[in-house]
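Questions regarding the structure given below will be posed in turn.
In order of appearance the chains are A, B, C and D, and numbering begins at 1 in each one.
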């Protein structure tokens, strides 16, 4: 039984994490921590949890670390560092769902996150939590930096094709659309319903903080320094990310070659579904930990499409998947809606 | 040419008002006033207006009243009183789109709006701007209190039936659903997209500030003191109100009688459409000044359904209709998408 | 291990049923049956099931009944009768999610469902599957008629108050709004996205087939012959029902009395949550088997609000709850996202 | 007064056309034609038109051409050809909103539209109706092929940059998202609300019929044979297109150069708004004839974003704009919500 606590239980990722952990047979939730929400009960903050869990949200305190094996941190980027430090020094494993430990370069961190990194010494203790590509590091480390939602949807389809040199990395065009829960519960005029509904807008064009993350891990896992252009958009749905990637391919690259490559890399990955020749649909992955990938090649251009639930595979679900890896539990435990007796069927 | 200015140009009703007035052949917009938005240009606050109007929003100033015939006030309830006072004392006509001059009882005002009324002496100078029922008063008064969005959708269908004693007023059940623009641009956690989308919630059950307004004007125009129960709900759409009313009717009341009554009262009302035996659909009235009304009787219960666009017939559109009445202009000018040569066909 | 098959696996209720059963530790899915979809694989019909189940949809055949303990029927109303008959005669228990076995009067059935009932002799072998009120019958019968989605949302809040004589049954006004999945996958022009989105419409006012069902079971479980008026509406969301009920109460009825009554009847019902004094929100119950109930009393009128997920508590979830009851399994198995060690906390 | 009739009045583009023409001071609607809808009244087919127009939809007949100056055809692609032929031979001008006269190569037409072109002789009598780039041809021709919605959103931002050689045309990545009204009222299972809502899907990747149209007119107006890759997506909104274009630029190309180019080409185009340095938002153009364009350059990649209302600038609005050009009326008549006295302010 893995004993866990959550910092940031009042947010959307915190809520998803609680729901997943309640459904996990090998996990116990010990404490829920929050700042503004401390003193409230979790079932009042998230009324959908009534009848499922009843617990007061507390102010974080170090002694509570003695009770647990693992600390989840589901805070906005920039706020996780002291908690990670505390946990690390107490010998408690930690999974940070935010962006504070994903980059390895503190200058780049400062450029994109707008403040200094206060614990640079920890950066080399961290494993990047892209479960499908970094299982060994995740299994053997104290701190896991859970990937961003956009990077998850981009790295999973791109790494195999870049790694096998099927795609020209000189100009990779990436257009992503995200549901609004990706912005968290932050209150601003441009996130109210009447501003988002029946509309679309791109944002942070050319300077989103996920750009260096994407480049860094494309390089790490595929060994290619790709030149990507990434344009995120806000979509009038609550959850889900849809990513459309276009890049040039050589004459000798065909769809058969790509499908073989995908199958080879992902045959043992229960949450990556290559749906070729179908086109992925967002509604097939929302509320699940799946990443669906499709693609087509036409006139030397490959179009690759992937979709995930930003709160599950893009946040809480991948965190649980990483927890499973860290504690030697089957990767799918608590995540796949099928009982153990059913074998996963790779398509 | 009616010269008008608008206080509160930065809000949703202000925007609709500008769009309607730009399209009105007999109106000139002189000044746009705002508080927080003062100093900004209107086309930056509402980028959809670019290319249609270019004007700086100013801080309100009394001398500017000398330039105009009519002042529109599109502020949250509670903020209009000083502007109305100023305009009234300067001899400028005024239409207040908020709730500050709708009730005739300052105690009731305080109970529902949570603060004292600072200009009770003006209350008897006001005409309630329900265009279809108060044309004479509106035409001859200095201050028009534009009706609330919910009351407009409720009064138009109920007044004729109560007035002709077709409906039993002892218990009138009213359920309304409103798009979120009714809440204005106010920023609060429960109005962000992810909290409203794919959901519904009732609010202010039994104590909405429109309850006394509905009762007061049902009494004034139908001469019946009805006992209403009103439950407003938030709907995941941007604009529109849908109202479902249920009440008991006597054995001798049938649908034929009701349709005759509606036709008699509304045959000269271009914006009230009795769609019987069809059922109104919200999308048929959004972006228009129409109120669609339908009904059915079954086992001594009448179900009456009405729908309006909360920002048009429920706010800016009815304000323009009232302006037309105040200045002797055809009621439909600037509001009906048909040129003058076409005769309106009452159904 | 309960061995089950599903007739109508290609529809929305079929899909939810499969998802729930895959997550249920004591159930095995043996066969999936369909008509138009026979010959297709279930993971092609519902691509979100890929990686979770892989099975061909078959044409129904009687011998297959020998392999199972329970047959679920998730067909449009009117199509279930021959399958129920077959199963019953083979000694296989059956849960029909449609409306064919809910009414006890074949004339009323014909009036509302527009065709004769071809197996009237079976009607007295049926238990109505409102889990919270009919547990004994459900546990001891061969055929369960799973309740309609609207009736579930209406019966659960109304029965206790009528039964304890707290609400005047002479005129009960009921307004319900439903997500579009309630209409199934049926293809008609008025269900396409552009016709439903940003709109609302009432439908079947006064003659919905759920009216006799509501009346019949209000009478059966509360012993009151209530005079209800029911107006269903289509809501621009995929799933969820929101019901607003208004009725008169006597002077001596107060909120304290009502909350005590609700608590008394539902203290052992894990899926009914009395959220008073909060107002239920639809998003707190979607994707769950909960029914949230709130209410308020003002000037002798009680407003009762309830909300469910039409596909879960209003269909597949309640069917699983009934299966659990029929086979002596804990009622919450496969339905509550909490492990067994956590005690359910009645609020 | 231009006398016009409409073939295909029952569809979404037909509806928008009627609304626009009713608001146009110089136009008279003579006849409405339809196939399936013939015999119905237009205000029953589109109930939002009640009180604005009352007319029976008729079966098309040649003699009716004698009454008019201009025939609009708002039919699905493939059905317009006989009507265009008829009108042309009768000397009546015609604007076809569909795709039947946009391509100049009958083989390409057959490849993408799946049937032979039955009037190839007319193809050289046609002007492509991209109002901003083809005013002279439009003004002097009998047949106008109104552009597709996607091409309009792509050609307007791309032509100036390609024409001035600012963008490298060797690989232009284009990702567009469209509201569902673009698919018309066609009824299919994958267009029902529950299939589209809270989801996204790409479709016709690499083989959409707008691809040859985009290439042809990029070449015609910019003189560059660009290699484009176009991926259309279905968006859960009713109306609007959002297009994101990425391409490489040379070192010497900067944002200042681009904004000068856009301003030079569009300074006299009232419906093209260069919103730089803002990012276009879809809700700022819906229900208008505007095309909003923004862009940014980062590391030798330009990202260009444009947005239109697919039913207005992408269909009925541009058709009215073209009618104005054909009949010597001011281009903005009936389209801009501002009276004539206000000068358009190019930003």
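The rule is simple: a contact is a pair of C-beta atoms (placed from the backbone, for glycine too) under 8 Å apart; a residue touches a chain by one contact, two chains touch by 3 or more.
Quantities reported herein were computed from a predicted structural model and do not represent experimental measurements.
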- prompt: Greatest Cα-centroid separation from chain D: which chain?
  reply: C
Message: Applying the document's contact definition, name the chain pair with more C-beta pairs in contact, B-D or B-C.
response: B-C
Query: So what's the Cα centroid distance for chain A and chain B, whole Å?
result: 46
- prompt: If you average the Cα atoms of chain B and of chain D to get two centres, how far apart are those centres in Å?
  reply: 35
Field: Whole-Å separation of chain centres (CA-atom averages), chain B against chain C
entry: 39
Query: Tell me, which residues of chain C touch at least two other chains?
result: 195, 197-198, 236-239, 281, 283
Query: Can you list the chain B residues touching chain A in their complex?
result: 12, 179-181, 185-189, 191-198, 236-239
Query: For the complex, which residues does chain A have touching chain D?
result: 171, 173, 175, 177, 195, 197-203, 205-207, 227, 229, 231, 233, 235-240, 242, 244, 246, 248, 279-283, 286, 296-299, 301, 303, 305, 307
Task: Would you tell me which residues of chain B are touching chain D in their complex?
output: 19, 22-25, 43, 47-48, 50-54, 198, 270-271, 273, 275, 278, 281, 283-285, 287-288, 290, 292, 336-339, 342, 344-347
